[in-house]
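Per-chain residue numbering starts at 1, and chain names A, B, C and D are given in the order in which the chains are listed.
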């Protein structure tokens, strides 16, 4: 059967609103057209408002992962000792980049269904007072878990180190108190909770983080990995280091406008509600949530353990073909062990949990497992009603 | 809470696919640009293929209701005796137009939750052999009921009368055997099962229907109500009587292309499945379907009786605000007595029934009624699984 | 050679801005969705602001010609004597509709390259004090001429008659003082100077015009030709008589917003400048302007006489294929006698005259005539520089 | 005055067709959605057809300059001796990257208004038989000059070296015989002659170029600068190294489809014609073309010397504000010395030269210089007529 409509309930890119799509279809201006120069400045200012910071964020012209690589290349110098917090696939991956540039990288690793206890960070500093950089993933998209960045930032700040935060799939879906995170470099991207196109990163750089990069003789220049090159790109008086991604900037601007117009508090509440409905629905359906501790579960993506013997790809394929619902599977080491339902930006709407529960339930049944769809939907709607 | 996404599960206009929306945003050509003249001809040809007729359909430049008014104005002459079949609000309404032009109009009326028995049409001809025109509504959108047009057409044909069919909300969602309906004028419109914009009508005119209109001295000319004026408008050699609705034509072309590409059989099956899932879901939720006889229920829109004492507007408002689902209420005489869930074109997708059942169920509960959402969703998915 | 870009410099539809096209591609809302009801009300209010009138304009759901037919059907009663001012093809045509409904129609006809002298209207009233309605075309699109509606309105008002104005191709490109026109019915449409889609009409109806229609027993009801039916359609408390053209309403709203944002004075100045540049350019090219009297020439479309022996279709075809410029030819009785260059809405931009002069000049040369393109472009730019 | 339309006649990004813009506004699919995986494969295959090569091109997810940086990072190893051909700003710039990775870089520099004589390349190899890589810019966008890549490729091939070609602003506007260029790495990008969005690069990699990169221990991996990572990304069986720029891929696919449908020969002819018309028009206007030798002038962008004492920014500002035409100025060392008119992709249309000549001529006059606009337009149209 041909499907006229498909619901993207994945770990992102998570789709876009009609207003964002209309922005992406705008005529492509030349980047030196004063109209574009103005629009770029507006976009940077909207990002500043969304970040609730004093300094203007930097737009890096590659998707989230490029922004993260750029932080390592620019901010981690040959003398740095990096404490890399690993509670998932992306934390593990950041160590690869950190090792490329650092004197030493210390991995602090915990189970991928848990988060890094802030006390362990404190201990690490005690053991190694020479740590100069702490890297943490805010939300581990591949497993739907979050770290307590507020607490970790406070510790890092106390020890005078730089905090590098991968907030790609958290920002825009959960509160991010960037101003309270001290000396930090925070990376997010439009294609997750903001509902924008993949292709850009958005970086918060604290004053001291700028100073560190400037002092780093190895920080890239004249490179896609240079953060310094783009520091002033939003100023009409400064040239762009190279041609910015005009269409993607249109999309970023549109989704920042919508985020601010809806109101960060409302947006976060919408994500929280979708998360709770999905969690409740999945459990009532008969599934086990990936992270045992509720505090570890993200408001932006919900991971569930795949029932024994179930083929992840077959579940996802059935949901897509028969129910028009696209969910995500595992990634890297987690491949084949879990299913993930995103509720990010446009996919964090009230009945998204109902669609996810029904589609997964139908797939499980079709593949021979039990699934209590009725109870799952009842539990999801009950969670919505609780608000 | 701000809703980022809303599901249009109404009685139509029923939304449009991204491909149709992209077509609507195309640059507006001048209507005499050879590129538009060609595109108009293609659209007419696609309509012919969709109608599976020999003659080229006529595009009337007003929404379905305008097309219907035009049939009365053009085809019902001062000598005609019209048998107007009334099984709902729209059938009743057609009598108003018929009386404007006919010598006499005979209303054959049945309860609005039933359909006109073909035997009653046969009887009517026996009583009044001077009947020259029969008017019938294929699908009564306001109550989700269908008439047996095949049988009625056969009788009408046998008695050498003209059949006028309002197939606005049936064509594109259910089989319509236009070629078998004899001397007929059939009206449909893009905004229902085709998923296009409101603003146009699409008319099948049989050869004898053309002859009747040409012979009617009162048939409008130089008028929006003229069907004759537009007979040859699809030919590059003929001028348009007035400026066609360029953007709407783009949309019509796009949705006809999609209809033909998906395949009429697949499209009809998709509507049937959505209808069955909605009917089963609504009953399991605890509601009573409007039409007692399953054969009377449309594949394109499902009507349910409003529980006693329930405020229709309040139900719909709750579903819209809290669940992001828009359903329809009653219309005209039926106002306040029923709820309607459309499954037309883009809204006839597998889980549309699940969304409708959940949203209506939540609203009923919030307003103090009982609603078994879990059972409703289970019944809807069971209907889908039966295929 | 394939043309990647084509300039629509016709007599309309005249294209649309990217912002209008983006609006046309918006998701199609159900017309009873509160979001659409609100948007419709906004559109009517924007039209009121553009009209600078106290009463809310009526949107008729058919293109300009339908709006005009509706004025005749609704406002011309069986007792009316209509003075129909004819200075072109459209004025002549209006008489056809007027005769359908009036007791008597008096045509006051002048050459199609001139305008109706107001003194002749005064004389007509002297001869026939029983005239109750005056019909006038503001801008005759087929010949690029204008009538002095201000003066004619004053006379009509003094004689207590109703003025019906076809301002389809004038409004939005030239000052229209609707408030000063007394008892009047004024019709315009989005596809000319507003740069919107064809498919709607916009009507100003004065209080006395409403009273006349209400008093007319033949005024249509339950019809596409009914103006009365739609009087209150912009009020949230009133139902739409039938489904409005949702997509076209999006387009109308977008172009009214742009018109008001640019500012009527700026818009009119832009059209005037484009007209002067085109007129000067055409004359320097070696062509003769259609209307000898400059006061008769429209700011929205420029007509030139076709040089003797020149094939109009061949000229237009050459301009389109070789220069990517689409211009219009003659219409009706004027067919083959003139060429027309539109400068309406999006096509009234500074260098539009340069494109038109170059394209027509190249075509004339290719077909064996003389054309001084260099002088034509110089004259056009000189006119622009004069401002 | 408000400008409703603006002509982008810059050195790129050069705008996009409506079809490309519609593609950019498509719903953002998740990159792991089978529908996107398929679409990505199609895009790569379309690129292969456009390149007329056997191997599938690589899409790098950063704009042209990122693709060029990636070639240096991936293909220039610590043992390489690079002959860097410098005939303009971009050639000069490539040396910066080459030095970052090479053992030695030899700049062969000529005047920026000329091209590198192939004989000088031959000499360079004679002097330094240890040259392993030759880098050449096909079209120097900042000065509108081209190098004879065919001849340089033949020499490079004979000496068994790798050729790195910056064809960013040449490919799609001029013939590029990639298959004849031997061991080579060729970079282009969508935003110039293809009329796509900036944000991607398209790379041709010959078999031996792949082998070189694989043998280079310093070639980046897990990096935006890695070409190797993306080698097989178009295969459904291989994961994407990171999230591709979904929207930009839509745009790339659309413009490759249009390029192939129009036909490379037709596209090149369209650019050549626009270039000749612009060159002839500019000279007749009274300007001096930047490159004295016609063979050095690009078909994709025309540079003219700025008359003495003229303020480049003032000229461009006048053209933009008063004529709605955006042209480019100088870049880097060439700043303030020249003006550039792009005729790339959508801006290479017949009358683009007329618009450019008129707009620049008006600006020069307004700023006190002489400019013969009439002669300029005549010369431009004469060049068009010559074909």
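As a working rule, contacts are C-beta pairs under 8 Å (C-beta built on N, C-alpha and C of every residue); 3 or more make two chains touch, one makes a residue touch a chain.
It should be emphasised that the depicted structure is a prediction, and the values quoted were computed from it without experimental measurement.
Comparing chain pairs B-D and C-D, the larger number of C-beta contacts belongs to C-D. With centres computed as the average of Cα coordinates, no chain lies farther from chain D than B. Between chain B and chain D the centroid-to-centroid distance comes to 53 Å (mean Cα coordinates, whole Å). With centres taken as mean Cα positions, chain D sits 34 Å from chain A. Averaged Cα coordinates give chain C a centre that lies 45 Å from the centre of chain D. Chain D has residues 18, 21-22, 25-27 in contact with two or more other chains. The part of chain A that touches chain C in the complex is made up of residues 18, 22, 25-27. Put simply, chain C touches chain B in their complex at residues 6, 8, 10, 12-16, 21-22, 24-34, 61-66, 69, 93, 96-97, 191, 197-199, 222-225, 242-248, 251, 320, 326, 328.
Chain B meets chain A in the complex at residues 1-5, 7, 17-18, 21, 25, 195, 262-263, 266-267, 269-270, 273, 322-325, 345-346, 348-351, 354-355, 358-359, 361-362, 366, 373-375, 377-378, 381, 384-385.
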